[in-house]
Every structure is written in C-alpha cells, then in structure tokens.
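Order as written gives the chain letters A, B, C and D; numbering starts at 1 within each chain.
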Amino acid sequence: MIKAGILGVSGYSGKEALEILLSHPEVRVTYAAANNTTGKIADIWPDLAGKTPLYCEAFDSKKAIQSCDVMFLATPHTAAMKIAPELLKAGLKVIDISGDYRLKNISQYKKWYHEQHADPANLKKAVYGLPEFFREDIKKAKLLSNPGCYPTAALLALGPLVSFHANIIDSIIIDAKSGVTGAGRKAELGLHFCEVNENFKAYKVLNHQHTPEIESYLSKMAKQKISVDFVPHLLPVNRGILETIYVTLNDKISLNQIHQAYLRFYKTEPFVRVLKLGNQPELKNVCKTNYCDIGLALRKDKKLLVITSAIDNLLKGAAGQAVQNMNLMYGFKETEGLL
Amino acid sequence: MIKAGILGVSGYSGKEALEILLSHPEVRVTYAAANNTTGKIADIWPDLAGKTPLYCEAFDSKKAIQSCDVMFLATPHTAAMKIAPELLKAGLKVIDISGDYRLKNISQYKKWYHEQHADPANLKKAVYGLPEFFREDIKKAKLLSNPGCYPTAALLALGPLVSFHANIIDSIIIDAKSGVTGAGRKAELGLHFCEVNENFKAYKVLNHQHTPEIESYLSKMAKQKISVDFVPHLLPVNRGILETIYVTLNDKISLNQIHQAYLRFYKTEPFVRVLKLGNQPELKNVCKTNYCDIGLALRKDKKLLVITSAIDNLLKGAAGQAVQNMNLMYGFKETEGLL
Amino acid sequence: MIKAGILGVSGYSGKEALEILLSHPEVRVTYAAANNTTGKIADIWPDLAGKTPLYCEAFDSKKAIQSCDVMFLATPHTAAMKIAPELLKAGLKVIDISGDYRLKNISQYKKWYHEQHADPANLKKAVYGLPEFFREDIKKAKLLSNPGCYPTAALLALGPLVSFHANIIDSIIIDAKSGVTGAGRKAELGLHFCEVNENFKAYKVLNHQHTPEIESYLSKMAKQKISVDFVPHLLPVNRGILETIYVTLNDKISLNQIHQAYLRFYKTEPFVRVLKLGNQPELKNVCKTNYCDIGLALRKDKKLLVITSAIDNLLKGAAGQAVQNMNLMYGFKETEGLL
Amino acid sequence: MIKAGILGVSGYSGKEALEILLSHPEVRVTYAAANNTTGKIADIWPDLAGKTPLYCEAFDSKKAIQSCDVMFLATPHTAAMKIAPELLKAGLKVIDISGDYRLKNISQYKKWYHEQHADPANLKKAVYGLPEFFREDIKKAKLLSNPGCYPTAALLALGPLVSFHANIIDSIIIDAKSGVTGAGRKAELGLHFCEVNENFKAYKVLNHQHTPEIESYLSKMAKQKISVDFVPHLLPVNRGILETIYVTLNDKISLNQIHQAYLRFYKTEPFVRVLKLGNQPELKNVCKTNYCDIGLALRKDKKLLVITSAIDNLLKGAAGQAVQNMNLMYGFKETEGLL
C-alpha cells in the first residue's frame, strides 16, 4: 500500500486521477491540493460525496512530502517544473501529467510553452510514460512524464508503422478532434456552453504545442527524424479524442500486412484494441475506459494509409495512463484500477 | 425609417436584437455599444460578417442621443436604470430588455435585485411590454419595460385563465426549464460546456427574481392578488424555455371549455399558438421564432390543469418581443421583422 | 460464485447489467440473449471488446435453465411475464427489470400495459425491489420485480415523508425529466438525434404508466392511499432522471425537521445521499453511479415542500438496482459491483 | 410570381426548401408531396403552424404538372431520375437536390449509387448548380442538379486554387465532418440520439459517393484531372459541415498570394466569405445561413496548404443553394429569400 498525493485535484485530470486512486487496492490517497480551490473534496466534486473524507488544501510542499510516496502533478504547464524538484529531492516519485517534462530540448520547450525551463537537470532523467513503447524505462522511473492527450492517440496509432516501416513513409498528416475537457476547467468565454454546443472548429492550425512532442517520440521509435502536420479541432462533447491520420507511402504494402503487424505488435497490450478491417473507432467505445482503439484503411493504390485512433483524453490521454505508469513504477499489476 | 441603437450588443439578447433590426425595413441601426467590448461587429459576431459595417463602441450617452430615435438596453440588471433617464430626457424612446423597470414596487426591486432603484420617477411611467395584454399602453409608451423570459412564458400561459377564471384558482406551481443563453454570455465556471452538457439541475428553488414579476402582472390581469411557486431549471440546450404549470382548481371546468377560451383569446394574436388538445409544445417548434406555443391538459377529476408553454428565450422572451413592442410604439406592422 | 444470465442484452439496461456483472466478484455471466440480435457481445457492444468472449443468442429457455442460477429479464413490457414462469418453475431466481410484476392489481396492469396479465400466480409472490424500503422481503425473493426508473426517484424522494408524515400531505405533483436511454434502444423517428437534440418536451402528461406504480408503493409505505400527479419530460442527454416534486402540506413543519428526518432515515443507506440544505442534485453527480441524490426546500409559509431527486436511470433506475437486489437475494455485500 | 412544388417535404432538405420558399416574394408554393407521409404541413412540421395551410400529398405527377412551374426534388437518390423526365417533358423546370444528375458518367453513377441510371438523356443536359463557378449555365438550365453538401464545401474551398494553380498541386486530402441532418430523417438505430450524442466517428473511409462528384467538378475547373482522398465523419450536432483540406504543393507560393487570390475570386460573391488570415471558420457562424466561410493556413516551408471551409449542410449544402439556383434560373435577385 503506497501513499499518493494529487496536486490539481480541482481540474478534470486531477479529479479523474483521484477517482481511480480512491478505488485502487494498492493505494491510499493521503494528500489532495489545488491552487485556487480549497475545501472538502465532496464539496468541490459532489459526485464523490460519500466516497472520500479528503480535504483539498492549498499546496504545501512540506506537508506533501510528509504525506506521500508518490505525487501526481495535474497542474497547468510551467507549474510542475517548479514543484517537482523539491519533491524528487525528498525522495518522492513524481508523475507529471502536465507538459513540463516531455520535450527534452529546452529551446523547444521555450518556444512552445513560452517560458524558460526551470528544471533542466531533472528533465534529462524524466521518463516518457507511454507503456506500450517504453515499459522497461517506466518501471525504473523516479520522474514520470505522462504523455499529452493528442500525442498518446497519435503515437499509439503510428508507433508500429514508424517502428518497422519508417523508410516507406513520405508524410504524415494528423487531423485531430478533441472533447472540451481537453481545454481544461476554467472560466473562459470560449468554453461557455453556447460557444461550443452545436459548434465545431479547427484551432492552432499547424501550430499546436503537441506537435514537437509527437515528432520527438515518433523519431525515437523510428530511429530517424519524422515530421508530422497536426491540426486539432474542438468537438462539442465532454470527453474523447479521435485522430484521423493520413500517411503517404512511397512503396506498396498490403492492408493485410499492416493489419497483421499491428495485431502482433499490440497482441499482449491490455489497453490497445486493433479493430477488424472495415471497422472504425468511435468515441463512445473508449470513453470512460483506458483503451485506445485503432482502425486501418488503405487507398486502392496502396499509397495512402488512413489510421484512425480514439481514446478518452482524461484516461488513456491523462489520468488513466498516469495510473498505468504508477502501476509499472511500483510493480503493481499494470491494469490495476483501470479495468 | 427610424434610427435605432443597441447597448449591450456583445451579449446574446443585444446581438439578437441587432440581427432582427438589421433586416427590419423600417429601421436603420445607427449605434451599437457594449460595456467591455469594442470593435467591429463582424469581429465580435463573425456570423454577421458581410451583413453590417457597424462598430461596437464604448457607451457614450451624448453620441447615443445624437444618433438614435430609440435605444434598446440589453444591459445587465441595475445598469439600465442609470442610463435610461438621460436618454428619455433627451427625447429618445427607450426599450429596456433588463429587469430594471418591471417591478413597480421599489422595495420589491431592492429585495430581488439587491440595489436601491435609481430612477423611481420613470419607473412609474414605464409600460410593461406584453402586447397580448397591454397593447394599447405599449403604443403610447416612451419607456418600455420588456418582460423577462420566464414571465413571458408564464403570463401567456396563465393570462387567459386568470383573466376569466381567477376565482376558481387555488394555487399555481410553475416548473420552468431554460436553455443556457438565459444565463447570459459570461466567463463563468458554472456555464463551462462540461458543467452543463449532459447535466440538468434546479436552481434558485422558490427564490428566483422573476417570481414577483410573474405575480405582479398575473394579479393585474386577474384584478386580484395571485401568488405562484416558481422553480427554474437549467437545460443543456442553447435556446428555449419550456414551463410546465400546475393549476389547482376549486371548481370543475371542462378541458374543452378552457381550450375554447384560450383559442378565442389568442385568435387574432400573431405570435401565440394554442395547440390542439393532446399535443404538447416542444422547444424545437418555437426556437428561432417569436412564437409562444401553449398546450393544455386536465386531470380526470377536473381539479388540476396542466398548462405547458414554450418560447425562444432570446426572441419572444427578449429581443423578439422587444422589436414587437417597438413596432407597436412606432405604428409599424406588429409582425414586421419577426415572421 | 453464481451463474447469471441476461435476456435483452442488446438494450441499454441489459447491457448495463452485463457490464456490472462482468466485473462482479461473486458472479459468472454464463448466458446472454436478445430477441432480435445475435452475435458476439464484442460486436454488438464494441466498447466491451476484450472484456468478454460471450455470445448473444436467440433466447432458448432450456439452455437458459441449464446455464444459470439467476436470470435478469431486461425485456420490453409484456414479454417478461411469458418467460418468467418456466424459469421459476425450474428453480431459477428471476430479476425482472421490466414492468410486468410491479402492479399487483391485474386490472390496473391491463389498463396501463394494454394486455391481460399472463402470470397472476407469480405476480402475487413477486417482491418489489426497492432495498431502502423492502430489504428483508428482497432477501427472500425468488421473483424480484425491479422498480421503474421514475418510481425509484419518486419513492426515494417521498418515502420518508409519507412514512412519517402522510397525514399532513395534501397533494403531490411530480415533474420528472429523463434522459433518452429511458426511452429504449430502438429505431424510431422520435428518437432520431435531430428530433431530440436542442429540444425538450413533456409527454404522456398525467397519463404515464409509472403513475400507478408510484401511487401503489407510496400508499404501502404510508399505510394509506396516496395519489400523485405525474408529468414526464424528455431531456436531451443520454442518461439521468431528475424529479422536482411539489408536496402541499396542511400543517406546518420546519425544513430542519424534515431534513433531519431524511438524514436519519437514509443514514445507513449506501446509495442515498441527502444533500445539505441549499444544495440541489444534478444529473452529473449521479450519472454512472448507483446513487440517488435528494435535495429539500420549503416555502416560507411552510406549506409547500419541494423535493428534488436525481438518479442514473440505467443504474439506480434499472440495472444497478437490479444488481443491488441480486446482492441481497444471495447474501452478497449489498454494494458489491456498484461502488 | 412563379408556382413551385416540393417533393420530399417530410425530409430535412425538403422542409428547409419549403421554409425558404414560403417567405420568398417571387414564389408561391402550390404543391407539396412526400413518399410515406401525408397530412397538413402544420402537423408534420409543427414549427410551421400558422405559416402555411399547405397539405402534403402522396406524389402524383399529373397534379404536380398542373400545379407547378418548377419542382424541387428532395428525394432519396435513385428516385429523382425516375420522376424528372415526365416533369421536364411537360415543361416544368426541375431542381434536383438528390445525387441523381451529378455524375455525368453513367458507369460511375452505377458504381456509387448501385443502380443503372434511368435517364441518361436528361443527364447530359443537367447543369451542376454551383453558382460561383457555373452561373451562366445555371441561368439557362431546365434541369438543375444541385451539388452535394460535402462537394459544395470542398469545391468552394478548392475552386480558386485548382482554377489558377492546378499545376502546383501534388495531392489533396479532405477530412470532412458533418452534422446529423446530413444523414437524413429516418428511423435508424445508428441515428438514435444515444448512439450519436457524445460520440464521433469516421465512416465510409476513402469510400464515400461524394468523392467522384468532387473530383469530377474539380477536374472541370482545373481543366485537368484532379484526384482527392475523402474521409467523412459524423458530428454530434444537428447542422453544419466543416472540412479541413490538406493540399500538398510542389512549388512555393506565399500565403498572402493565395489569400489575395481567394479574396479577389470571391469578391463579388454574396455567399462566400474568405476570412482574415489567422481566423478559422466555425459551424456556428454559418449555420442557419447560406454562407460558406473559408480559412487559409500554410506550413512554414510553403509546401502544405490547409484550407478549412464551413457551410450549413441544409442551406448552402442543399435547399439554400437550390433556391439560389432557382433565383438564377428565373432571373430573380440571386440572394432573394436567402439573406
């Protein structure tokens, strides 16, 4: 039984982490904090009334250190890197759900997150928490950098292909659509119900901060530089990401061959489901689960592969994957609390 | 051709008024202003691009007076009463879409709007703009107080009954459900897409500021004091109000008799549709229109009448009715711009 | 470990029951069937892919009897009563989620379900499965009649009041709002996305088949005849019921007194949460849970009590409560599989 | 004043056409019919109560011919081509909103619509009704083939580019997202509210019948063969299409140059709005209008152009454009009834 704390429990990801950990048989949640909200968890999240007597405090690193073995940081970008060092130094394991430890290149971090990286020393040691590709490193991680929601769906969709067939890829376009929890829980006119409901739009076209994250880890998998074009859209649903990925190929390969490679690659993975040819992922099949569903289609001339992938942005795209990583870091059953 | 101005054009009601007036053959919109937003209308409301070159200014009463014959005040409560006096003094007609001139009793105003009334002199002269009941007064109004959204649906639903059968009414319960535009266009966590979508709740139970407005005008219609119990709810839709009204009767009356009375009462009204017995109003039939649809049902023992009424809260419940009132005030065709 | 079967697994309630039972530690799902759908569960419900190898068969009573200890009937009304007798005779326990065994009066059944009751013998022995009120009977039940969704929310909201204060109740009006899963999973124009989305309406006004069920069990609790007026509405959400209940009182009682009585009554109940005074239930706090949340408000003159209650219609209003009942019938922990 | 008839008035497009025509100053609607629905329009579409006394009849070609100058065919595919010949022969003008007269190649028609074309003679003379590109032909048309919803958004987005720069285009990928009215008004489980709401998915991946239509007219504009890859998705909204189009370029061109070309091309068009650079189309800005909004973005290396376009699928994508075409065919003001 380990003691876990969550910082950022008033946001959607932090709350989701809390909910999973509360029913996790190997974990006791001993600490919950948020930046601008304090009070009983049951008052902040009335759906959790009766499930926990926890109190959400203003963050205090000393108290956090005394109370916890592991801390989940569900904070906004640029906040985590200022908090993690002290926790790590005190011996806690840290699972950062924010973007702070994902880009190894600090000038890239500066470019996309508009702030100098505050903790380059730990950044080097941070392990990127995509279990399907980096499981062994995760098991040994002290500082776990949990993948972004869009990158999770993209990397799982493209990983097997770039791992085995990087040489035949000419270009990759990712057309991504996300539910509104992905934008965070904040009072903003653009997130007002009537601005989102019955609406749909692209945003940050070719200019989203998850682009370098996707490219960086695809390149690592491919052992060669891979570029992608990435356009996100805002869907009028609470949860879920669906990405439609267009891969131009410079050599022919059969759909069956690709499908078999994906099936083989994910055969023993508990949270990736490669669909039958002809079937397509749907948000409703993955929402409220830690699954990633993947569909495949090929143009008749075999030069354009269309990969579709769907996840719940708050689970496989954030808190669910964070717990999966925690399970690996502590040697628990990888699916504990998640199935 | 009259010159109209709108204050509060960055809000949902002000925008709706603008949209109607832009295609109104008797009106030229000569002035648009808002409190915290300035810029081209086409930038604030991109759907209106190509339809108007208007600019939304910071409100300036002198400029407003020079530019307009009539001013629509689509401001928050407590703002209109500080602006109207100067405009009225300068000879403009004023149509106040806010709640400031609806309650004739200033201590009631203070109780429900939490501020001393700033303009009791004009309050006395303000005409309540429910055309179906106060048409002749409206025609002569200088200061028109446009009814609240909930009161409009309630008064049209109950008006014929209290006018002719007040004596057999024992009690009235109004269970009201409103779309989210009714809460205004503001950056508020409670109006975040994910807090409203797939959700439903009651709020201000027995304690909503529209209660005294409903009671006051029902009493006027009935020529005796009428009380109501009022519970509003927040619906996960953009527009529309549906009210289910339970009237306990102390004497028997047949459903047919009531239905005929309603049909007769609204026979010549252009914007009230009394449905066939057995049919029920639906939001989708009134949204984007200035109609109020009314349905009637009676318990077998004839002691409980259930009246349902539906309107678009931004049209018959706000800007549409405001233009209907303007049409009456200026002797235009009452339905101009609204059908 | 018991063997459970589900008939009607292609519908929303049957699927929900399946999902709970698949992760229930005391149950093995050994049989799944539906009327018009056969095939692998993972094909009918792709979100369950990887969670079960079960096959959905055309119903065959012999096979069902051989395979199961208990059968959940998630069938349409009038189907369950033709199937239950054979199962009961063979020694299975039966949990009927449909309406077939809820009304003890067969002429009432005929009136509201438009068919002669086919199994009056078992009807007499059927136990109504509302654990908070009939727990001891449920423990001994062979044929469990699971409450309707609307009645569950109504009875939990009104139960304590009618149990202790029936004498001060003058009248009860239930204004109910339900999500669309409550209407079932069928190809029907009225349930087309565009007919429901951005819409809201009342239906079966004062004429819904759940009315006699509510009255019957309220009367049993009150030990005197209780009548209610019931008006349901269709909400544009997937799941959830919220009922706003207006109780006219003929004697004064303080809100605090009522609140304390409710707190006391439900003190040890695992699935009923009486909210703090001033708070109101919201669908999002109960959806995907087996909870019923209850809010209370009283008019100043203490003569009108407004009770609001919210449940997930598929869980506490159907499959969740069915499993809660199964837990009681088999002596399992009452909350097993449900928290 | 011309006399217009509509066949298919019980569907979404037919209803939309009816609504526009009812308030069109140059048109009298003299005939309305549908295949499986008869009755008063006000009963089929209660929102139109009070606006028309029309009756929807079972289609009778003789009556149609006697009553109308022009007939709108808002029928399912394969129905229009069996009805149009008789109407045309009798001298009526025909505006076909279905897909029957869009593909000039009858073997292509057979492949995508799964039926032999029944009217190849008229097919040759049919004019494709995209006014921005084929206005002069439309003015003379007797048989007008109204563009598909997806093709309208695609052709307006790509038209200027392929017209002037076809030679620098390497490939075109169209990632399209449509609201549910695009799927038609039919009782189908896949269109059930709970199957669509909070969901999102791709369908007919690289295999949608609008692909050859897009390719055919792009090729006509470009005066050379143009191919596209097309993947549609189903959005949980009532109305609207947004397409994100990825054009790979083999030569550099500046974003400004493209933007200026688009502005110039559409300068005098009443229904196309080319947005400022940096702005993106949103469904809410075009829904309930006949506008198409277009946004442009270019990758830094100038080799990938991202064009986004948005329309209301029922207006510019169907009935609105059909009326625009009618206006041209009869020499009315092109925007009559549509602004």
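Keep this in mind: a residue touches a chain if its C-beta (ideal position, glycine included) is under 8 Å from a C-beta of that chain, and two chains touch if they have at least 3 such contacts.
All values derive from a computational prediction rather than experimental measurement.
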Moving only between chains that touch, what is the shortest number of steps from subunit B to subunit D?
1
Looking at Cα centroids only, farthest away from subunit D lies chain C
Whole-Å distance, C-alpha centre of subunit A to that of subunit D, is 39
Would you mind pulling out the distance in Å between where the CA atoms of subunit C average out and where those of subunit D do?
46
Per-residue multi-chain contacts in subunit A, two or more chains
195, 198, 236-238, 282, 284
Would you identify the shape of the chain contact graph, picking one of line, ring, star, complete or other?
complete
Note which residues of subunit C are touching subunit B in the complex, please.
171, 173, 175, 177, 195, 198-203, 205-206, 229, 231, 233, 235-240, 242, 244, 246, 248, 280-284, 287, 295, 297, 299, 304, 306, 308
Subunit C partner contacts - residues on subunit D that touch it in the complex:
12, 180-181, 185-189, 191-198, 236-238
Can you tell me which positions in subunit A touch subunit C when the two form their complex?
23, 46-47, 49-51, 198, 273, 275, 279, 282, 284-286, 288-289, 291, 293, 339
